[in-house]
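Shown below is the structure under consideration.
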Amino acid sequence: MKKIPWQNRPKGVKDVIWRYSANPIIGRYAIPTSNSIFNSAVVPFENGFAGIFRCDNKAVQMNIHAGFSEDGVQWDINPEPIQMQAGNTQMIDSDYKYDPRVVFIRDRYWITWCNGYHGPTIGIAYTFDFKEFFQCENAFLPFNRNGVLFPEKINGKYAMLSRPSDNGHTPFGDIYLSYSPDMKYWGEHRCVMKAAPFNDSAWQCTKIGAGPVPILTDEGWLVFYHGVIKTCNGFRYSMGCAILEENEPDKVKFRTQPYLLAPSEIYEQVGDVPNVIFPCAALHSLEDDRLALYYGAADTVTALAFGHISEVIAFTKQNSL
Amino acid sequence: MKKIPWQNRPKGVKDVIWRYSANPIIGRYAIPTSNSIFNSAVVPFENGFAGIFRCDNKAVQMNIHAGFSEDGVQWDINPEPIQMQAGNTQMIDSDYKYDPRVVFIRDRYWITWCNGYHGPTIGIAYTFDFKEFFQCENAFLPFNRNGVLFPEKINGKYAMLSRPSDNGHTPFGDIYLSYSPDMKYWGEHRCVMKAAPFNDSAWQCTKIGAGPVPILTDEGWLVFYHGVIKTCNGFRYSMGCAILEENEPDKVKFRTQPYLLAPSEIYEQVGDVPNVIFPCAALHSLEDDRLALYYGAADTVTALAFGHISEVIAFTKQNSL
Amino acid sequence: MKKIPWQNRPKGVKDVIWRYSANPIIGRYAIPTSNSIFNSAVVPFENGFAGIFRCDNKAVQMNIHAGFSEDGVQWDINPEPIQMQAGNTQMIDSDYKYDPRVVFIRDRYWITWCNGYHGPTIGIAYTFDFKEFFQCENAFLPFNRNGVLFPEKINGKYAMLSRPSDNGHTPFGDIYLSYSPDMKYWGEHRCVMKAAPFNDSAWQCTKIGAGPVPILTDEGWLVFYHGVIKTCNGFRYSMGCAILEENEPDKVKFRTQPYLLAPSEIYEQVGDVPNVIFPCAALHSLEDDRLALYYGAADTVTALAFGHISEVIAFTKQNSL
Amino acid sequence: MKKIPWQNRPKGVKDVIWRYSANPIIGRYAIPTSNSIFNSAVVPFENGFAGIFRCDNKAVQMNIHAGFSEDGVQWDINPEPIQMQAGNTQMIDSDYKYDPRVVFIRDRYWITWCNGYHGPTIGIAYTFDFKEFFQCENAFLPFNRNGVLFPEKINGKYAMLSRPSDNGHTPFGDIYLSYSPDMKYWGEHRCVMKAAPFNDSAWQCTKIGAGPVPILTDEGWLVFYHGVIKTCNGFRYSMGCAILEENEPDKVKFRTQPYLLAPSEIYEQVGDVPNVIFPCAALHSLEDDRLALYYGAADTVTALAFGHISEVIAFTKQNSL
Amino acid sequence: MKKIPWQNRPKGVKDVIWRYSANPIIGRYAIPTSNSIFNSAVVPFENGFAGIFRCDNKAVQMNIHAGFSEDGVQWDINPEPIQMQAGNTQMIDSDYKYDPRVVFIRDRYWITWCNGYHGPTIGIAYTFDFKEFFQCENAFLPFNRNGVLFPEKINGKYAMLSRPSDNGHTPFGDIYLSYSPDMKYWGEHRCVMKAAPFNDSAWQCTKIGAGPVPILTDEGWLVFYHGVIKTCNGFRYSMGCAILEENEPDKVKFRTQPYLLAPSEIYEQVGDVPNVIFPCAALHSLEDDRLALYYGAADTVTALAFGHISEVIAFTKQNSL
Amino acid sequence: MKKIPWQNRPKGVKDVIWRYSANPIIGRYAIPTSNSIFNSAVVPFENGFAGIFRCDNKAVQMNIHAGFSEDGVQWDINPEPIQMQAGNTQMIDSDYKYDPRVVFIRDRYWITWCNGYHGPTIGIAYTFDFKEFFQCENAFLPFNRNGVLFPEKINGKYAMLSRPSDNGHTPFGDIYLSYSPDMKYWGEHRCVMKAAPFNDSAWQCTKIGAGPVPILTDEGWLVFYHGVIKTCNGFRYSMGCAILEENEPDKVKFRTQPYLLAPSEIYEQVGDVPNVIFPCAALHSLEDDRLALYYGAADTVTALAFGHISEVIAFTKQNSL
């Protein structure tokens, strides 16, 4: 397998997660029609990497595009959005698509995204080759966002994190878990974790949502997530991390009280939506003890950050809420 | 089977639906601890009727109680709320229960209600005798209200109407349909009908929600529902009717542009929440061409109204939105 | 001319304005399709009276209907809404019509109302016979309500009071005056009077709007208007009175600090919108020193109140804000 | 001392608190200028009773008036509002006065009310005879309401309950305690009790505020208070009771989970602000084990309810939150 | 006539509209008292150009100032605001003036702006020399903004676009057309175009408003306008273009689905109101096929952009909503 | 005494207040755990300066830290927050601490801050050495912010400015004065100055709050304060100045209509809360006629500005509101 992108921690830096020095890796106008490219997901594929990218066009319509890369940093993004074919249903209506995640389970790549069906809900599709895509039944009723599949079945069922919400700029939101025997019918909904009390951890006191596909470690499932605080000048999105029980992933073992990464670079602080760090994918190598985190910055561009898995786990355990 | 409650249309009245002259049939203090008894559901049972009643107690905690009646008008309500046992799950958490519906399918009575699990969602339980109740997995993630089961399987699956919403006094809401092979996992979610445009039918322009269990007629499924308008002095809830395709109940054949019943009696206009008519059950006799509609009035008491099924269908077809 | 409706002040009552003992004079279901009949206007016509009535139908669509009466109390209202013909324009679009006023100027009866043209604005029409109606250009851009014409030209121009607002349940609103040489183009907009400071006269602190057509008296124009306060349970509409300069009616000479009539009868306090008194017409006889005020009650029914013109003027001067 | 008003519990009633059969005892138009008379306070005085009444006039300006009664039921209210003289300060500005309480401490009667000084705060005055009134420094900075003095010094200091809030229809509010050595400077502020969690006691989940002057009993201070829930049609005010530690009255020993009295009579449900019960005074006789509670109903009229002190205490202990 | 400002399209750029490389052309502190200079209008004048500039002073009072330039880029702005004389009225009240437009019609220059008269409405003035200014009647009742005159009479009447709104940070707004025979009375109001559906063109889904004076082309009137989207961190203003029928300018022939220019430079993204591009003037040369667009950036500074008229028209036709 | 920090006015600059060229002087990550360091207070101490710093940690918990400096520019901040001991009370609860001020009165340094006690209120503590801190009774009931002590007793009492508010992102707020004989009980509350009318001085039209400790000059008390305007993209905080009567500091002699300093540098415009200048301390030397103002920038970093006292006074008198 191809090596994941990597850059050593800069000297003098003590943070557990550090940014790629050449951020952002994908600019807002990287394809001709785009207004912005952000909140996107990548996965190892063949000899390199494939990705599903949120590209808002200049009419500010939200859609997802496939892309390929040899090194995970330089991306060739298809200027045309993905055309879905019917998967396990004929009903593949979609007013818009955004904030995709992608994961390989058994024999194929599954994509989830926020799908516009009378409001936002969780769309599901699969592909074998990132050329043909097959759209399935939406997982849930509206209104929902941030649907993230686990990379393997749990207790024999598919498992998905999601963030029920409402039809606007939701000022609340917690992370739930649901199961499905077949990727079509979903149930056994459990509350996993909630926005934190203001006094305990204000950066995640307004709403939270799962980010990259969970990573199975010896400690359990490593889940990066975004947390939001509402200041008097709008929402601010930062990134934290939680560790869930391997076999009962609605049980939270640890969860960072401090954030891991918060908007402080100009490309995170200035853009279409200022002060946003929104992680959607994490390439990882357990043997190299490396993480490459992809995140949307300011709802405008795509950026990259790095860390050591062992350090993230240690930090999460030592700084748990 | 016992005759359903009935009273002929008063002379001079031309309305399709008319009220019981001795309304309300259940007062707010009908059990010692209650603050209000309303939005409740009844069903034929043995030689009479059984019901599931929403009784808010004087701490204004919302719960559901079983009750029995010989004639459907005089009710003996258990002063203790229903104690649930585990049904198809051990997870039977419930912060509150309200707005129940009840329906007999095959071998048992199924109850749905608005269940408090980190916000409102749809609770499900079954009983054989209205003494022992077995709570199942919640149908959906929060936030949802007004879950109403069809009285038989459709295309081999259980079918439920519901009204996704948010965690407050939701100022929006449409009716959706979902299917389940097993009453545990739900999918195939479809939008059935939406709040109407203000200019077309303002009484139902803010939100709508299914009421009684649908009634299968030659024209399709007869569904009474509530519609809401937001005036400058709050919400006003009225009742309308729709007819859905028998085999594809996400298709609306007809839907009343005018309301069938709107708050105009003092017990509907004055109470804990003024100006509310909220139907939750409909006893019916196809052979007698009769309907007995149970509705909550002003979120305080329970009232009864009558109509002829054939007239309701004719009216709905002739006055369709 | 026919005598206007009248009933002497009840014994023991000291109020300047008193209610008709048989209120409401028009019930909510007075025509077969109506949900409510209120906020309506009347005018002497031939040997009796004619009126333009706001009748919301049972789809809660708002429209205006013509009606006739011999005594001003018993009304025969056309169950069909008015069908407009083209007047001084071909553009007679109208999503809805409500809150009409009617006034005779020179050779014809002019009707103004809140007209739905991409939001509420002021519609204008004329009739000679209350059978054929000719709709003219809307007076203003949206958003506006409560357009009330003066019964004669002022300084050679038509003059209209109105209440600019927004597209919802406006929580603000003042009375303005505009002029037109031709009932087509309007200008010379002047602010006449504003909602009162809370500490001075709270019943009219949220918004105000002109009611009946102004009455010319020796003191100037007598203008009844509604004033609104926002309580924690919604808006409350009461009635006051102002006297404007005869030749410069944007100058307020006097204005009641106390209200003249506020919701305190059950038909004013309970209904589709509780706590509303909304005057839209005033029959008057200067020689008899009598006023008959027509007002909508609770946005549901139409009621009548009486007073002596001289007393109203005296009260307004003595209790001026 | 004069006997406090009393009426035995009606037969068949089991409630701890019951209403006076001739409610309301003071109508909205009981003085010539009034729009409403409610939320008022009474106290034994000479051979009968004196009271401070909130009378909103017909300009809906809020003020307080003195009144006298022989039996506590028939009241003679001064049609002129109280004219304050300077007490312990020259600064006796007051934009409005409402919701008074009155208490005898040592040598004089102290009155507290919601005083308009750049927003609502707690006004203080004293009188010896209910003829001359001396206004003191406001206790607190805005924004505050429901200031209620204890009837004796605690640990050598005056003690006052209050409900900090904001400058509008506050949707939050808890009860605090403050101390003063001299009725001029206040400090040692303590949170006493908060609005209850929705799931535990929804009738008091939005805000709470102390009502009558606390009554010292063997169990501690008996404090009646109002609690508020926000429905989709506005606020609803009910009455509950708490028992505070005698010497540390910021410690709550017991507090009713169910309400004691909630709006269910037409004069409580219909009026300027529907669905309000707002207690401001309690005459009591420990030896007779009697309570006479005065409360404002629907922000419009004044009503009376009764109870046995011992029963209230027992109920509060048995039904504590 | 003087050549309008111009700079060729940078190499590699494919956008229809491109920015001036030395933006912003006017800094926020360009006159001694200013806090910001933006949303300003220019016009050819004598041997160069004249302009009307919105200069907010350091008390953040909004006013308009005259200025002159030889090349349209370097501006000499009068540090004193314009002093108006009476034009067609004595009533020239003005609480504030902002967002001016200027146009030459027949014999004089007409200026329109947002004029503070009991709220925002459309002010009108004329000048012959940019030294003496004569203020006329406001065109409309409040509340209105973005009044833009056509550069010639249409069907014998003056024509003006405007954007009715409310008295705050209006979250809605569409473009209307009105006519006047005399610049004093206005009527024949028509809705021209509305904010776009979110799914079709989200950048203009919240509100829209006309920008520069329309330019007559063979295809009709070329109208640049701003469109607004509400993100979770506030409003974002971008620029689009529409083509209206020459003789019936309430008919929209084409309208850009994608934006032409959106905030992406630091001086557009950062300032008093981040993420604002607000065009108010367009110098053009049909013979040179050139446009010079002036726009306010971030409500702080003034910037310049260029384009070819033919390309803008072609783009608008090919990318029409 | 040590010289206060100073830098001469840059050439060409005419502003009364100018920025330090090396701003910000304290970065957001100046201590290992911090997310941001801003809104902090300094005071001369021993041979240099001491300070109380608001350091939000990476869990975005707000706390105050002590720090020392030789020159007032380079600061050594204690990475651990201040641990309070009991001062004049045992009740030293504190959910959070932010926005400190510090002042020397007689024998000790007093610190005030926004203290979390069931919402924001004014915390008080004293220290002799910036090592041991003794927390006293909170000055007021919640909700309050921006408590600022005068540096000496006035009329024999301690005097404090504060800004009563509510429990959220308060959209209103005026400056009040309160007195205390003993730093424990507070009273004699007076309104000092209010947010300005929009038309007069919009930068301070939403809310205002005192900043540094007042400076006694020949003209009276020099009080720097922040003023806030609400734009469509959030709040913007600028700095102004007022002069209060020496012996009656609730009397405002002068107050700047224009601001003295408003966000226009990138570190003020971009950060956790964009567009914030928030002054909390002013070192001054009357003999040198110098001021060194410390202010928080963008709720992220700490910056420094300079001015001549005499010029500030002259400017305030000449540009008074």
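Going in written order, the chains are labelled A, B, C, D, E and F, and every chain counts its residues from 1.
In this text, a residue touches a chain if its C-beta (ideal position, glycine included) is under 8 Å from a C-beta of that chain, and two chains touch if they have at least 3 such contacts.
In this text, all values refer to a predicted model and were calculated from it rather than measured experimentally.
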Can you list every chain in contact with both subunit C and subunit D?
B
By label order, what chains touch subunit B and subunit C together?
D
Sharing more than half its contact pairs with C-D, counted by residue number, which one of C-E, B-C or A-B qualifies?
B-C
Chain whose average C-alpha position is farthest from subunit B's own:
F
Check the residue numbers that subunit A and subunit E use where they touch, and answer same if over half are used by both copies, otherwise different.
different
For copies subunit A and subunit B, the superposing rotation on Cα atoms, rounded to the nearest 5 degrees, equals 180
Longest centre-to-centre distance from subunit A, chain (CA-based):
C
Between subunit D and subunit E, tell me the centre distance in angstrom, where each centre is the average of that chain's C-alpha atoms.
58
Where subunit B and subunit D are represented by their mean Cα positions, the distance between them in whole Å:
41
Subunit C and subunit F: spacing of chain centres that average the CA atoms, whole Å:
55
Identify all positions of subunit A at which a residue touches two or more other chains, and write them in rising order.
233-234, 270, 274-275
Which chains are in touch, pair by pair?
A-B, A-E, A-F, B-C, B-D, C-D, C-E, D-F, E-F
Which residues of subunit A touch subunit B in the complex?
89, 91, 117-119, 121, 137-144, 162, 164-167, 172, 174, 176, 178-182, 184-191, 194
For the subunit C and subunit B complex, residues of the former touching the latter:
28, 32-33, 35, 57-62, 95-96, 116, 169, 233-235, 270-275, 299
For subunit F, which residues are in contact with subunit E within the complex?
14, 199-203, 229-234, 236, 257-259, 262-264, 266, 269-270, 274-275
